[in-house]
Each structure stands twice: as structure tokens, then as C-alpha cells.
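Chains here go by letter, A, B, C and D, matching the order in which they are written, and residues are numbered from 1 within each.
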Amino acid sequence: MVAGEHAPSGGRNWIKTVAYAGLIILLFLLPLFVDSVYYLHTFIITLIYTIAACSLRTILISGQLSIAHAAFMGLGAYVSSIFARELNWTPWLTIPLGGVSAMVVGVLAGYPLTRVRAIYFSMVSLFVGLAIVALMGVFQKYTGGDIGLIGIPPLPSITIPGLPTINFLSSKIPYYYFFLLLTVFCLMILHSLENSRIGMSWKAIAQSYLVASSVGINEAGFRVLALAVGCFFAGIAGAGYAHYNMVLTRSSFGFLSSVNLLIYVLVGGTGSFFGPIIGTTVLVIVPEIFRWLKTFAPFVFGGIMLLVVFFMPQGIAGLFEQVKTKFLHFQERKKPRDVS
Amino acid sequence: MLLRVKDLSVYYGKAMALENVSLEVAQGAVVTIIGANGAGKSTILKVLSGLWPSTSGEVYFDNKKIEGMEPYEIVSLGLVHIPEGRRLFPYLNVLENLKLGASLRKDKEGIKQDLEGVFTHFPILRDRRKQKAGSLSGGEQMMLAIARGLMSKPRLLLMDEPTLGLAPVMVVELVSVIQAINKTGVSVLLVEQNVFLALQVAHRGYVLEVGKVILEGNIDQFRDSDLVKRAYLGE
Amino acid sequence: MKPRGIFAIVVCLFGALALLTQPCLAGEPKTLKVGGLFCLTGFGSSAETYIAQGAKLSEEWINEKGGLTIKGEKYKVELVMEDMKGTADGAVAAATKLVYDHKVKIVIGTVVPFMVQAAGSVLEPAKVLRLVLYNCGMPSEYGPQTPYMFLTYDSTIEGMRAALDYLKEAYPKVKNVAYIIPDDGSVPYLDKLFREKATSMGYEVATVGKWAMTTQDFSPIITKVLASKPEAIAFANGWPQATGSMLKIIRDMGFKGPVFGCNYDDAYQIMEIAGKEASTDFFIHQIDLDSPDMTPMIKEIKKRAEAKYGKAYGMHIWGFNPLYELKQVIEAAQSTDSTVLKDTWGKMKTIDTVYGPGRMGGLKTYGINHTVCAPCPIVALMAGKVKWVKWVDVYSP
Amino acid sequence: MISDVAAQTVVNVLMLSSIYILVALGFALLLTVLGILNFAHAAIYMVGGYICYQLAVVVGINQWASLLISMIAVGLLGLFLERVFFRPFLKDMNRIVVVTLALIIILQATINVTVGSYIRRIPSFVPGVLRFSGVSVSGDRLATFVIGGVLLLAVILFIRKTKTGLQMLAISQDSDGAALQGIKTHRIFAVTTAIGCALAAVAGSLMGAILSLSPFMGDIMLVKAIEIVILAGIGSIGGVLIGGLILGALDATLPLFISGSATDLTGLCIIIILLLIRPQGLFGREV
């Protein structure tokens, strides 16, 4: 439940910077190697869920295991598409609006939710998520109910003087870059938040809310703040998804979807900022590779989960830490049993 | 020797909790481990009772290697641990708590007798036997915790900070309780921050500091030790 | 932070993917790839697994008959199926895979209405000919904005019309009908059409019972519907779990009148779920594989299904039908281009279906004449037995 | 007329509540004693239903006997699950969440691949319908009502009156403290999981007769079970009765007044409000 603490960064900062830059450049060059629209689609979905999973982890590091995150994603998606569809607002405006509305609902739900902690928080959040999805069913006139909402406008084309017009309908490559930029942007904010004073307060609350309160951290305020930030980015991810997918169904945001996001985070590892990124990448892309297994395909997904649980106690991201510890401190092969 | 601990080390991940701790408890003795908060006193007891694994070292109880055994196996040998904070079952009544102390025993008659014995020892528990353990006062809870430990027919009783949260008048009573228990032939390993109590009841002592034994000896030596005086008696 | 290891893995992963995503080799020149979109796992898989089997049978049937002849050249049909995993996301992914990875221009499938829309969002812009098996009658699902979508067989609206026609004939005394419908967003459209048709036939609509998609126990909704004292009850849509459970509860609560299901559903499955006791005076849009009144094609499919899968189901026939129709369209158009096929099919007046001769219609009902209206079979559950009733001719203008 | 509807609704509430209680009972037991949210409960429930179906319909042995065998078989499965999948991770909530979710996926896929996704139903355990003055109850529902009540009572008595039960309670309150009393915690965990899974199997078999069987039948029931257990309060087995009655009452009466999706929303809002007033649930011990 408690997200791990940050290991102090050593003097290898330049390596880190180079590696970050390299990775991002690689991701930018990816469409040159991939000419399958289908794989590009998979990458785009991965990027969208990466934003959602990372924002879920932001809530998680404040000690709140939310099982409503997909619902907030859906909220952003529906708000953005309804405004774009019914009022003809431009998606450039409705996507942030989707994020803001998810944030507002997150805050509204968050204040009463600060009354409950740990597993009770998870459970009430589960019901909040279900209620949001039920709400989408009630306003069928705007959301299309279970059948779904279509006719969501795509992102409008961008004209930059001197360059050819970027038309989002022409291929998936503009979308890929849009989501890559969006992901990098969102993750940078989330990352700096986590390493700021606010992030430290979140982690302190997660460790012990009593201790945190005793040193003057406003527990309720920070918890709501974590929810607000997490829901905002979930809303952004959802809204982006809506304008990419151009069709929405409320069943995409239900209990099982929220649980899926949670799986991405937990399998990736909650201890590291990279956990959800790795988890989402592995759990979205690997099952797609094994699509040909048809009815046997779920075994791949379940298998990865079990593999991680049995061999990587801290998630996939924790594996690196584990390996490092093994090499550096091989004298302590016997780890103490975990006792809370 | 009833209990022999040899070169016990415990690590949590990279952090050291105990390093090469050796100690002994003789049959019938009251031995105390004193040390500041976080010195690793509780860790020793947790390793002894099987709650925590050790990183290295050996533990012999009655010449049997108990390291790596399950907690219930250790209890069945007669090594009983009364944990820090008592760890009663707050939503069960006193009688049920006591019965749970005898979980491993099959002799119904013996249990009945011991229950009577415990009640004569601690008459207050008889009056409260239908009351939830969580609703007892601190002193009563301590009584119950000790009584529950006695129900397991211990040969060695490990007591972790029994004075924690007790009124001073109860601390005095605790001394006589421990002495009375010891008189019935039960050895006691007492972990304490309250050095006054420890010095009053123990025959032998160890001083633990940051995971290492820095002093050991008979309790008389302790009373005279400058180190103990300075560090724990504030003289 | 432990960046190096992570980066190494991510880089390797993306590298491996880049290799994997090299374009697939084009298939043999004389193969026509047809995509199949079905839920093989997750929601909807209970029916669609068998529909997919039926589609597979039709592929084999066409190839056995020598494939398709286009401008003197023989083509074999290859059915590439992708699993939609019971979610809208899965439907989009599967459709993308079919269109851009397998490069198909024709797709059979999607049955559950929300997947029709989700898959359509990929297939329509790519100008992929879509042979859909079912829809709810929502304008957003199917209409002028979906020019590449063809409804290959009678759907809810046709089933509803057939049911009411048959009700008039078999139970002339019935004056009012209650209507039970899943609250999935299609209510306003179906409700309007149902009321129009029912009132035009002189019926009174007693109540409309809407049930939430998460309903486990239908007793409350049935209690409510029965309180309005209807003489007959119709189910708009639903899947066997819901229809069977509702039928059982209706009979348990002592309702004796006729009950209708408007959607194409497996009567045997419904009987299994409702139980033999409750399975009486129930009518549904379905074929009876054992009846001698079946078309020769259905009898043939039954034989093939039994040979291949051990047992034949109504869903097999349903899944067989789209390719059967497609064969005629391709041979009429003498082309495999989806736009040519669409135009040719749009101009056809009649088309043969496995259920008998079909007519193209739907312009007035849906706004597009891409609906194949074929005879609508009605099967009854009577005293715990599946009983063949008759073919009802329906036509959606 | 209205009184008929009211009477029938009272019966509906009782029957639906007993269904919910039966499903939630094993879930509550595992949550109380092992302290884990066993998300796989509903998948185990589904497996129990399928085993009963295979025995009763495909093999063709007596239905009640198949129910019993299914109970035992799933109980044994529970022992296996506890040993392999739960025990190593009991103290780590993150990993137990992932394990139980992985189990759902694997169990569903296994049934989908082996038995197939064709919807089935176990024939009625108690055929026939009981009618009295405008109110009707099917035999199966009545049986569920009785069995659910008896099992709830049996579980409560077992916990309150037996030594094992007392030890379960002790573990649920302080598992380390219990271990120090010489309680064989792992054995109690194993017994609890076996009982919990056996209860799931009974529920699955009866639901297989009342509703239907499909590999995904547990998805909604899981949410219902969570709702009940949280309403009741973590650590309370007796509270399942009240939680089940509340949820049953909501689900069986709301559709009379509100139709369609709004039913879900209203029910959820009521539950959320109840939980915000009493976060620990109606009979829970702590927040």
C-alpha cells in the first residue's frame, strides 16, 4: 500500500539525463521503424494508459489506493466529447476541460473520502467509481448509454506556417506524436510533483498519517490534492482517448477497467516512478503480441501477473533494485520475513 | 543452559538490527536485557519466538536448535513470548483470551486447573472474565497478558516491556508478580527500558546498544556499573 | 532511481517490437482475406464463439465449392478472426489489427451493439465493407453515416414486427402488451418504434420495464410489469441469461399469457435457463434445426456443423449467413473492392440468404437501404419443448 | 393489488438477500480471518457452479450429491490456493491484490477453454413454485433462503463455539499475537480458505440453478459481495446478514420506483452515504 521511498540519487546524474534524452529521442523516432498502423495504435493506447497509470500512482503514493481511476478517465472523456460534440468546442479546449471536470469531481468526492483510510478508502472509492459509471448510464441522452457515443470530433488539424498542415485524420502518426508529447509533459509534471515538498508530504502521510499530522502536515488537504492531481491527469488521458478513439462506451470505464489500471501500477511496481510506465508497456503490448492465441490469450496476461508477484516482490521496476542489491550486497541473501 | 543464543545477527534489507549477539538464560533464572529504544531488544525476542527470521547465528532452547521453527513449535517447547503492547485479542473476553493461551494443550483437566491457578493469582481477572479484553485497564491488561502466557505452560517466559504504559503502583506489583512466577520454576527473560524494575527482579543482565551487547554480567555488577548508572539511571 | 536497467529493458522492448512490426508478407495472390470480428473471450463470448464457428463453416463451404470466381479468376476465401475481448477497446484494437495488419477490406461481425459502433469507428473511415449481424436500431449505429455497413439479417426491429404480427394471428384476444427492454441507450428509439407498430395494430402498451445492465435478479422488474396486468409480454433485446431468467420468473409468478422475444436468440439455451416448467407459450426469432420446414441451406449447415463441432446451434446458421450473402455480392460485382461491392449491393433488390430469399430494404426505417430482410423464423417453447412455428415474412421499408 | 405487489416485494427482498448473503459469506470469512480481499472469490464461485453442473448434468449423478462433491472439491482447491497463492503474500496487500486478480483471469480463461462459454443452467434443485395468496416463490429460491440461513448460522456458531473458531477470531484480531499463543496460524488460514471456497461452491451451484452459468457470471456478484462486506464492516460475519438485507432491499425495491440505470446510481449513492456516516461499516471494528 505504501509507495516506496526514493533512493538518493548518486553522482550519475548525467548518465540519467543522457538516458532520458535517448529514450525520448528513440520514442520520437519510433514511427520511422514502425509502419504498421496497428502497432502504432497499440503504442498510442499504451501512452494513454501510461498517463492514467502514472496519475493513479500519484494518488497511491499519498496512501490512497483508488479503485475508481478509470471512472475519472471516463468522466474526462465524456465531458470533453460532449462539449466538443454538442457545443462544437474545439478539442484543444475540451481536453483540458475534461481534465478539470474530472479534477472537480475528484475533489468533491475526495473531501468526504478523507474520512476513510486504507482499505476503507479503496472500497468507498470503488463505489464512487461505480456511481460515476452509473451516472453515465443515466444521462443516456448525452452519453449514449451502453451502446456508446459516436461522432466525437477528432483533433482538429494544425497549421504551422512554413510546414505542411498536420491532419489528424490522415494517419495515426500525428496522434502518436500528440500523445507522446502529452505523455512526456504529464509525466514531467507528475515527476516533479512527486519529488517536491508536496510529494514528500504525500509519502509521509502514506507512511503514517498520525506522524504526518503531528509534524504539521495537513493530511486532508494533501490527500485531496493528490486526488485532484491524479484525477486531473486521468481526465486528460480520458479526454485524449475520446478524441483519438472517436467512440466511447461506458463499460470501458467500469470496475474491471479501474482494476486493470491498478494492475498496471502494481505489476510495474509502486516503489518507482517508472513502475506504472513499465507495467503499462508490458501489460498492454505483450498481450497484443499474443493476440493469435485467441481464447488462450488471457493466460498470457494472468501469467505475467503471477510471474511478477512470485519473482518480483516490488514489481517489475523493483526487479532492477533487486538485481542491484544482489550484486552489491550478496552477503544478505536471506531476507527477513515481512512483518507489518 | 535453558536458552543459548550464539552470534545472532539480523538485517532488515540493508539495515542492521542485531549483530553477533550472544546471550544465555540459565534454568530458573531471571535475565534482563536493557537498552534504549531501537537498540534491538524486541528484535531478539521476535527471533526467539519465531516471528522473525535471523540472518545468521544459532539459537538453542533446551539444547534443541529452534532457529527456523514455526512459532507454535517454539511455544510447544515451552518458550512463551508476551509481546510488546500485550497484543491481547481486544474483542474477545478475558476467559477466551486465557483459553487461547492454552491453544496447544490437549489436557482439559490441566487447563482447568491452570485456569483456577491463574484466577487465584490474579483475582481481578476472575471478576472480569466475561468482559472484553479491550475494555480492561492497562494494569488489568498486563495481568491478562501474563496470565495468558502462563496458560501455555511456559518454561521460559519472554517479556517485552511489560511496564509500558503502566501506572507506577502497577510497576511495583509487577515486580512481585514476576518473582512469584519465577518461584514456580519458570525462567524469565525480561526486556526493559525501566531499569529500576529490571535491576530489582533480575539475576543477570545484558546491555544492548545499537544491535550489539556492550555489557553483560550479574545484576550486582550492573548496579555498580558506571555505564548503567550514567546511561539508564541518570545518576 | 535506477534508470539504466529500466532504459535497457524499454529500449530492448521497443526494439523487439520494431522488428515484430515489420510489414507482414502479402498473402497468396488468389486469396481473398475476409476479417471476422467476434468476442471469443469476455462479454458476449457465450454466443459469439458459436457465431464465429458458423462463419468458419461458411469459409470452408465457399472454398469447397471452388471459391469465388471474379473475372475468370478463382479466389479462395480466408477468414481471419480477431478477438474483441468483450470490450469496446478490444473491438477497436481488433478492428485496427484486421484493417491495417491483415489488410482486409471486408469484415464480418460484431453482434453486441456497442461493439458495432466501436468497431465501426475504425472500419467506416477505412472504407471497409461491414457485414453486421445485429443492431439495436439506433440511428448512431446504422444509418446514412455508415455507408459501408450492411445488416445481413433481420434484427430487433424486424423481429419486433414479426413478433407482433404473429401475436395478432395466434392470440387475437390479447389487447395489451407489456414491453421489457434493457436500459442501454436504445430505449427511446425502440420504444417509439414498438409503440407505433403496436398502436397501429390496435394494442395498448401496458408498461415498459427497463432493466439496468447489471441486473442479477429480475424478480423486482417482473413484479412491477405484472402489476400492470398485461395480457402479453415482449422482450426487446437481451441475451439468453436475461431472457431465460425473466421467462422463468414470469412463469414462477403465475403469468399465463404469451411471451415474446424479439431478438435472434438460441431457444434451446433459453429453455435450459428458464427450465422446462417455465418454457411454455414463449416465442422467439429463431430457427428449429430439427424441423423439416428448414431451407436446404440450413439443413446443409446443420450437417456441416455436426460433422465439425459435434452439435449444431442456431448461432452457427447466423454466423454462416454473411459470407453466403457476400459470395453472391462479389460474384454480382465481379470485384473485391469494397466500394464497388457496396455500390453493387446497394443497388441489388433481392439477395438469397440461408433463411430463404431476402429483399433489400431499410431506407425508411434506418435511412439506408442496406438491410437484408429475409423470412423471420419463429420458434415456440411449448410445454418444455422447442416447437417450430412458421416463417413470418417481414420487411423493413 | 398494491398489497400483492408489496407482499411479493417483501418475498423478493428476502430471497435476493439470501442469495447475496450466500455469495458474500465466504468472501467475508476470508476478509475477516486472513485479512485479504479475495477478488478471486467470484471466480471460485463460478468454478464451483461448473463442477456441480458437470457432475449433475454431464456425468449424471444426484444433484445434491454433486453439490456436496463440488463443495469438497472446491474446498480442496481452496487449500491449494491458500498454500500456493495466498500464504506467501498475506502480509503484502499489493501482491495479494495482483494474485487474486490474476486468479480471476486464469480461472475464467480455464473454464472458457475447457467447458466453453455456452450459457448453461443447473436443473432446479427443488423444482416447483410455492404460491400463497398472490405471492410466489420458486423452490430454488426457497432452498437458497434456507441453505443461506443455515450456513450463515453454522458459520457463526462454528466461529463462536469451537476452538478452531475461537482461534480464527484471535487471528483476525492479531495474527502475530495469535501465533505467539501457539496457534497454528497457517493451519487456521488453510481451514478458513477451504471453508470460504466451499461456501463459494455452494453459492455458485445454487446460483447456477437460479440464474445461469457462464465463465463471467462472477463479475457482477463480486461487486455485490464487496458491497455487502463493506456495509457489514470488515471483521464482522454476523454483519453480513444485515449488509445482505440492506443490499437485497435496495436491489429488490428500487426497480419498482426507478427504472433502468438510475436504479444502480440510487443504490450506490445510498451505500456511499451509509459508508461516509459509518466508514467502518455497520458492525466493523475500526477505521
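Basically, contacts are C-beta pairs under 8 Å (C-beta built on N, C-alpha and C of every residue); 3 or more make two chains touch, one makes a residue touch a chain.
On a predicted model such as this, the values are computed, not experimentally measured, just so you know.
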Chain of greatest Cα-centre distance to chain D: B
Pair of chains joined by more contacts [C-beta pairs], A-C or B-D: A-C
I'd like to verify one number: the distance from the centre of chain B to the centre of chain D, where each centre is the average of its C-alpha atoms, in whole angstrom. 42
Centre-of-Cα separation between chain D and chain C, whole angstrom: 34
Centre-to-centre distance between chain B and chain A (centres being mean Cα positions), rounded to whole Å: 49
Where in chain C do residues touch two or more other chains at once? 41, 43, 49, 183, 187, 212-213
Could you say which residues in chain A touch two or more other chains, in rising order? 137, 140, 145, 295, 298, 337, 339
Mind pulling the chain D residues that touch 2 or more other chains? 108-109, 112, 176, 223, 260-261, 264
The chain B residues in contact with chain D across the complex are 49-51, 70-72, 75-76, 80-83, 87-92, 96, 99-101, 103-104, 148, 152
For chain D, which residues count as touching chain B in their complex? 163, 166-167, 169-170, 173-174, 176-186, 285
In the complex, go through chain A and note every residue touching chain D. 1, 65, 112, 115-117, 119-120, 123-124, 126-128, 130-131, 134-135, 137-138, 140, 145, 255-256, 259, 262-263, 266-267, 270, 295-296, 298-299, 301-303, 305-306, 308-310, 313, 315, 337-340
What residues of chain C sit close enough to touch chain A in their complex? 1-7, 9-11, 13-14, 17-18, 20-23, 40-41, 43, 49, 81-83, 85, 87-89, 92-93, 96-97, 99-101, 113-114, 117-118, 120-121, 125, 136, 138, 140-141, 145, 182-188, 212-213
Quick one: which bits of chain D touch chain C in the complex? Just the residue numbers, please. 1, 4-5, 8-9, 12, 15-16, 19, 108-109, 112, 116-121, 123-124, 127-129, 131, 136-138, 211-212, 214-216, 220-221, 223-224, 251-256, 259-261, 263-264
